[in-house]
Amino acid sequence: MRLIDENGLRIDGRKVDELRPIRIEAGVLKRADGSAYVEWGKNKVIAAVYGPRECHPRHLQDPSKALVQCRYNMIAFSVMERKRPGPDRRSVEISKIIAEALEYVIFTEYFPRTSIDVYIEILQANAGTRCAGLTAASVALADAGVPMKDLVPAVAVGKVDNQVVLDLTKEEDNHGQADLPMAIIPRTGEVLLMQMDGHMTVEEFNKAIDLGYKACEKIYQLQKDALRRRYAVEEIETFEEAQHPQTAMEE
Amino acid sequence: MARSVMSEIKKDHIHRLLARGKRVDGRNWDEFREITIQTNFTETAEGSARVKLGNTDVLVGVKMETGIPFPDTPDKGVLATNAELIPLASPTFEPGPPDENAIELARVVDRGIRESEMIDLDALCIVPNEEVWICFVDIYVLDYDGNLFDASFLGAVAALKSTIVPASRYGKGEDFKLPIRCLPMSVTAVQIENSILVDPTLDEEKVAAARLTVTTDENGDIRAMQKGLKGSLTVDQIKKIIETSQRLGKELRKLVG
Amino acid sequence: MRLIDENGLRIDGRKVDELRPIRIEAGVLKRADGSAYVEWGKNKVIAAVYGPRECHPRHLQDPSKALVQCRYNMIAFSVMERKRPGPDRRSVEISKIIAEALEYVIFTEYFPRTSIDVYIEILQANAGTRCAGLTAASVALADAGVPMKDLVPAVAVGKVDNQVVLDLTKEEDNHGQADLPMAIIPRTGEVLLMQMDGHMTVEEFNKAIDLGYKACEKIYQLQKDALRRRYAVEEIETFEEAQHPQTAMEE
Amino acid sequence: MARSVMSEIKKDHIHRLLARGKRVDGRNWDEFREITIQTNFTETAEGSARVKLGNTDVLVGVKMETGIPFPDTPDKGVLATNAELIPLASPTFEPGPPDENAIELARVVDRGIRESEMIDLDALCIVPNEEVWICFVDIYVLDYDGNLFDASFLGAVAALKSTIVPASRYGKGEDFKLPIRCLPMSVTAVQIENSILVDPTLDEEKVAAARLTVTTDENGDIRAMQKGLKGSLTVDQIKKIIETSQRLGKELRKLVG
Amino acid sequence: MRLIDENGLRIDGRKVDELRPIRIEAGVLKRADGSAYVEWGKNKVIAAVYGPRECHPRHLQDPSKALVQCRYNMIAFSVMERKRPGPDRRSVEISKIIAEALEYVIFTEYFPRTSIDVYIEILQANAGTRCAGLTAASVALADAGVPMKDLVPAVAVGKVDNQVVLDLTKEEDNHGQADLPMAIIPRTGEVLLMQMDGHMTVEEFNKAIDLGYKACEKIYQLQKDALRRRYAVEEIETFEEAQHPQTAMEE
Amino acid sequence: MARSVMSEIKKDHIHRLLARGKRVDGRNWDEFREITIQTNFTETAEGSARVKLGNTDVLVGVKMETGIPFPDTPDKGVLATNAELIPLASPTFEPGPPDENAIELARVVDRGIRESEMIDLDALCIVPNEEVWICFVDIYVLDYDGNLFDASFLGAVAALKSTIVPASRYGKGEDFKLPIRCLPMSVTAVQIENSILVDPTLDEEKVAAARLTVTTDENGDIRAMQKGLKGSLTVDQIKKIIETSQRLGKELRKLVG
């Protein structure tokens, strides 16, 4: 199966260093303290944040900082073969590494004994859902007003037909040679999430990292744009909201 | 939901307005919130619908698989309905397997679809006793502001109506539309201090004494009912809700039909 | 399959508005605070009540009233095809609606921070077990001395061979057209439990409700008779009991 | 049962009486409480028995199904024993899957039946390697006043003895009585301050140091034993309990035989 | 299948009253508070003790004494047919009776509100694992410095080819007629653990008990030897350890 | 591991030494602890290895069974990796099904074996679409003193290399050595205040900001990576760890080869 044609174009017409179309919307849910929706190629992802709120069960409370918990979940019909509801081993691992990545950027020491809960639901999946989910989650955290060092853009780089390629689709992932999801802090360039499986030489790895950084910068802009749009809208709505204020604390 | 507590101020507000025949959001007692239905939301599903009922947001998807029929219905397809109250949708929803609220929701939606014979399960038999289509209806609540029963039921009906059975993918001939025989509709009302309110918001549900869901078919006949919450209804209240369900069911049906 | 013959009689010889034979006995268990046994046609049901007692886990405690919890369960050999032990979705739903119905008649505000636990075990099942269970449960509550507004009789009405019929058997339920379990408060006529599945016109529904009310009155008498018999027996036993008093609190 | 606490007064009472060679309910050390056995209690079971041992009340049912044999016994039926300590029976029983107490109970009953070769499992083979009868023995404790081991074992033996294999329902020929080869009997005793008491009540179990259950066959041979509780027995005490089990087993057998 | 030959010797060459080779080593793990390793024929067993330590969850705490908990577990590849990880009914029962046996010898009243946790892992199984496990556990308790009345040697006696036989192998157990695991307190002769399944006359039982007692005495010596070796080694190491002391409490 | 707390004194000690370029146990930053590998530890396994990495002690076993292939790889054997952090190994490990730490460990080891194509899964097909060999790799941590990733990976590689497929026991011809194509090696390092330390002890892991595991093959190519812990790495640090993994991987390979 040939995934890149003689003109260097991929099955969906993209160049090797081109992202799929990405749309980010902040503040899409009423009940959550913060939320974001991301459409990324054929991925559809929604993220919600609750907290800082009282941490249950209590024995998990940390007197020095907030606990950051994450649940990444694929809904039953987000993939071609129906996924039985409930966490599988893959989603447990992804939840763990996303929580670890987010904890670093949140000023958790401001909110001792609380928990900050991040929920990521994959409504439609087409490769790259952990990166789309993490991208959405940091926007949702900002939407919830949780103080952070920076937003966290994420993207997967891969290897297909012996070429290093940005942002694999499901087809490319299935028939490709390597997958390397990564997330960074744009302001400092630090790497927060990195996994790899497949086969890459060190040279290919170095090239992949470069591609990933450039893409993360673009995604970072989209994240900021989404929050700016949300903020602009909010100013208009503020008066109305003030009439019947409702906070999560009241629930 | 046991742990959800409401400020006394908000409760009083609802009660005081009701005493004057009014609802917090200005609706009539028999008025639904604004409804939007987006079918085919999820491409990976054989059918799907995202329903917004005011601020309540529900995504329903249908997946079709082949499998073995139940021994007592060897020539019928299988309907399996599941509901997930994911913690994304509310601070009172907890991770984990479906609790009693999710199970009741799934079973009430399932009964409405099953008892109205909406789906022609006979047409979903491939080889009697051996292989039939299994129709999974999965309900995901994304944002919870009351009346999950009607939002989910509307989503399920719309998703099923849009479902294409992927027969070719399974080597079972050409794809075909899921055979639908009718469009049942469910209408839910609550009783608060003897007032009846249709399509309750979350705040209204919290102060309500009793809830009744009535599912009717195109003839106005009753196909399923479920009383809930820790209070009572009079027979007259039940009859009023049935009548209202027949009437509003017709309006709702137009949204899907 | 014909379920009603030309004389209007059903397979078991009953008329359409006739109940199966019902026998209720209060106070059948020693360990429970209250209990009742109900034989209803071929149904055999036992109910026990524990409480008001300390509520575990604590975070479920309600400072304003008692928590009413119910577990409805069918034992493995109560049905023809062995039921694997443990709650299934059906029994979770039934437990919920029975608990909700009972909560309304109990003066829960008298017992803040406690729980009142109702256990219903179906020892042999033949349609109508949730109604037989609820009927037994309210007698068990009275036997436990839990203050209540009233007893709660329950019965299922149904539709068979296009006729509205009282108190379906398993055979009638399997081949019938509708099932409508209901429970009322006899003193006020309020409806506490109502479910329906099948197909009924509004006229049929109205007729069914009337049949159900009349039957509930009869069941209510049987409930009261059972408690009177229990009370009469207890007076005789009282002296003996006083010799070695034993309360649930001691356990 | 970990959380069950007993009043000190009641404990002292038991100890003081024991010091004078007496039991609270006036029984001799080797005397069972009153036993009633009602077979065929549950019509939906292939066999059943409700056993009352004083205030202890146990219902045992047998269901027969066809299934696949274990690979290492391809020509034998399967015995599966389960016990449920349902919360109806005691304030110390909690809902949920069987805990260690329920599992120990089920396994001790199972061993007594299995090791005595009471059931002719060879006769429960339908087609070797392919299909055999599976015999489910389900124990439900309804009222808990001690000595669940003997009440359950007696109930299991009586239920099995009354069992009709429903072969016709499964299209496997005519119904037949479950083939029984012998009637094993279990007798349980506890040690309290070096006294041995047979058939302990719940209060006696609570103050007991050790428990021993001995299952014997018609020849008085030992088929199964289980020591329990957080204390010790001397060899002489064990021998005394074995001898008592042989003797009382004969009496119990008459109740079932 | 003949398990004892004309010379009274068993398949592995042992006499009927002969133990398999047993090797006991105390203090084999660094992290645990106490530990022991037992090789017993083809059985390989490791036991660890943690505690007395704070008891979780709190509602299990006993204000009058320590709670003794035991987990007996067979690892997935300890048997020929892979065992799915997690407790099965057999291991739950064995864990219970081992905990009960150990509780009696530990001076639990010295450590109110704590728990003493015993973990037994069967690394390779060949009949008699519960006895090997209990034998290892009491050495591990002693290694942890938990005060005890005595060590607890355990052994299984059985019946094979109509003879009473000590310490069955897997082959003998599978094709034998009876199995009788037992554990005693050597100082007093009290029996702490006793189970039996199979078929034994009372005479055979009496003979079996005698065999078991004699074997337990031998195992007791091996247990004490292991602790003496451990103690001797420890004296040498003491100085080094004192440089970087590390206790479980710090974790 | 969330509940594990470390004395401030110990933390300071590590930090102070690191500031002077030293580790508590005197090792160089790129130095492994003493490694011992004992293969064929468990006779009941088809292959096994006990690996001690300093005080970390891990036992890995391989069991081979026949079973059905995955539908999307009908002509390949199946690899299934599981890790158990049993409570024997650490006061912070709790009984119960694998938690997120155990699952991450199993999945990272699995990826290293799978992505390096160490096992020739094609050679484990018996009948395409019907029957293949399933290779279970079970990791048991016996003593936990840090760097479970490398100890487990080394154990898995050594156990697989020693595995004999028990074909004769399953009636599938003669036994044969599990076909191995290469020996991948994983090297893990942590970042503590911008120092990189290979093969961290438990104390070092507790103060570490980030962890990176890099699995390389015999050509020095990267086959799998996993960043962990709640901190960050710079790209230069990542590149340094990759280079170190290539270099030390060669040394480790000699221990197994």
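Each chain carries a letter (A, B, C, D, E and F) given by its place in the written order, and its residues are counted from 1.
Going forward, contacts are C-beta pairs under 8 Å (C-beta built on N, C-alpha and C of every residue); 3 or more make two chains touch, one makes a residue touch a chain.
Computed from a predicted model, the values in this text were never measured in an experiment.
Novice: Give the chains in contact with both subunit A and subunit E, ordered by label.
Specialist: A chain counts here if it touches both subunit A and subunit E, which gives F.
Novice: Treat each pair of touching chains as one step and give the shortest count from subunit C to subunit F.
Specialist: Shortest path length, in steps: 3.
Novice: Suppose each chain is reduced to the average of its Cα coordinates; what separation in Å results between subunit A and subunit C?
Specialist: The computed centroid separation for subunit A versus subunit C comes out at 51 Å.
Novice: Provide the C-alpha centroid distance between subunit B and subunit C, rounded to the nearest whole angstrom.
Specialist: Centre-to-centre distance between subunit B and subunit C: 28 Å.
Novice: Between subunit A and subunit B, what's the gap in Å when you average each chain's C-alpha atoms?
Specialist: About 31 Å, centre to centre.
Novice: Multi-chain contacts in subunit F: which residues touch at least two other chains?
Specialist: 98
Novice: On subunit A, where are the residues touching two or more other chains?
Specialist: As it turns out, subunit A has residues touching two or more other chains at 59.
Novice: Could you draw the chains as nodes, link the ones that touch, and say if you get a line, ring, star, complete or other?
Specialist: Graph shape here is a ring: one loop, exactly two partners per chain.
Novice: Could you give the sequence of chains met when travelling the ring from subunit A by way of subunit F?
Specialist: A, F, E, D, C, B
Novice: Help me check something: in the complex, which residues belonging to subunit C touch subunit B?
Specialist: 59-60, 89-90, 92-93, 95-97, 100, 103-104, 180, 185, 188-202, 205-206, 209
Novice: Which residues of subunit B touch subunit A once you look at their complex with the stated criterion?
Specialist: Touch list, subunit B to subunit A: 4-7, 10, 24, 41-45, 48, 55, 57, 59, 61-63, 65, 82, 84, 86-92, 95, 97-98, 136, 138, 140, 142-145.
Novice: Mind pulling up the subunit B residues that touch subunit C in the complex?
Specialist: 2-3, 98, 100-101, 103-104, 106-107, 111, 114-115, 212, 217, 220-235, 238-239, 242-243, 246
Novice: Per the contact definition, I'd like the list of subunit A residues that touch subunit B in the complex.
Specialist: Answer in residue numbers: 29-32, 42, 44, 46-48, 50, 53, 71, 73, 75-80, 82, 85-86, 117, 119, 121, 123-125, 244, 248, 250-251.
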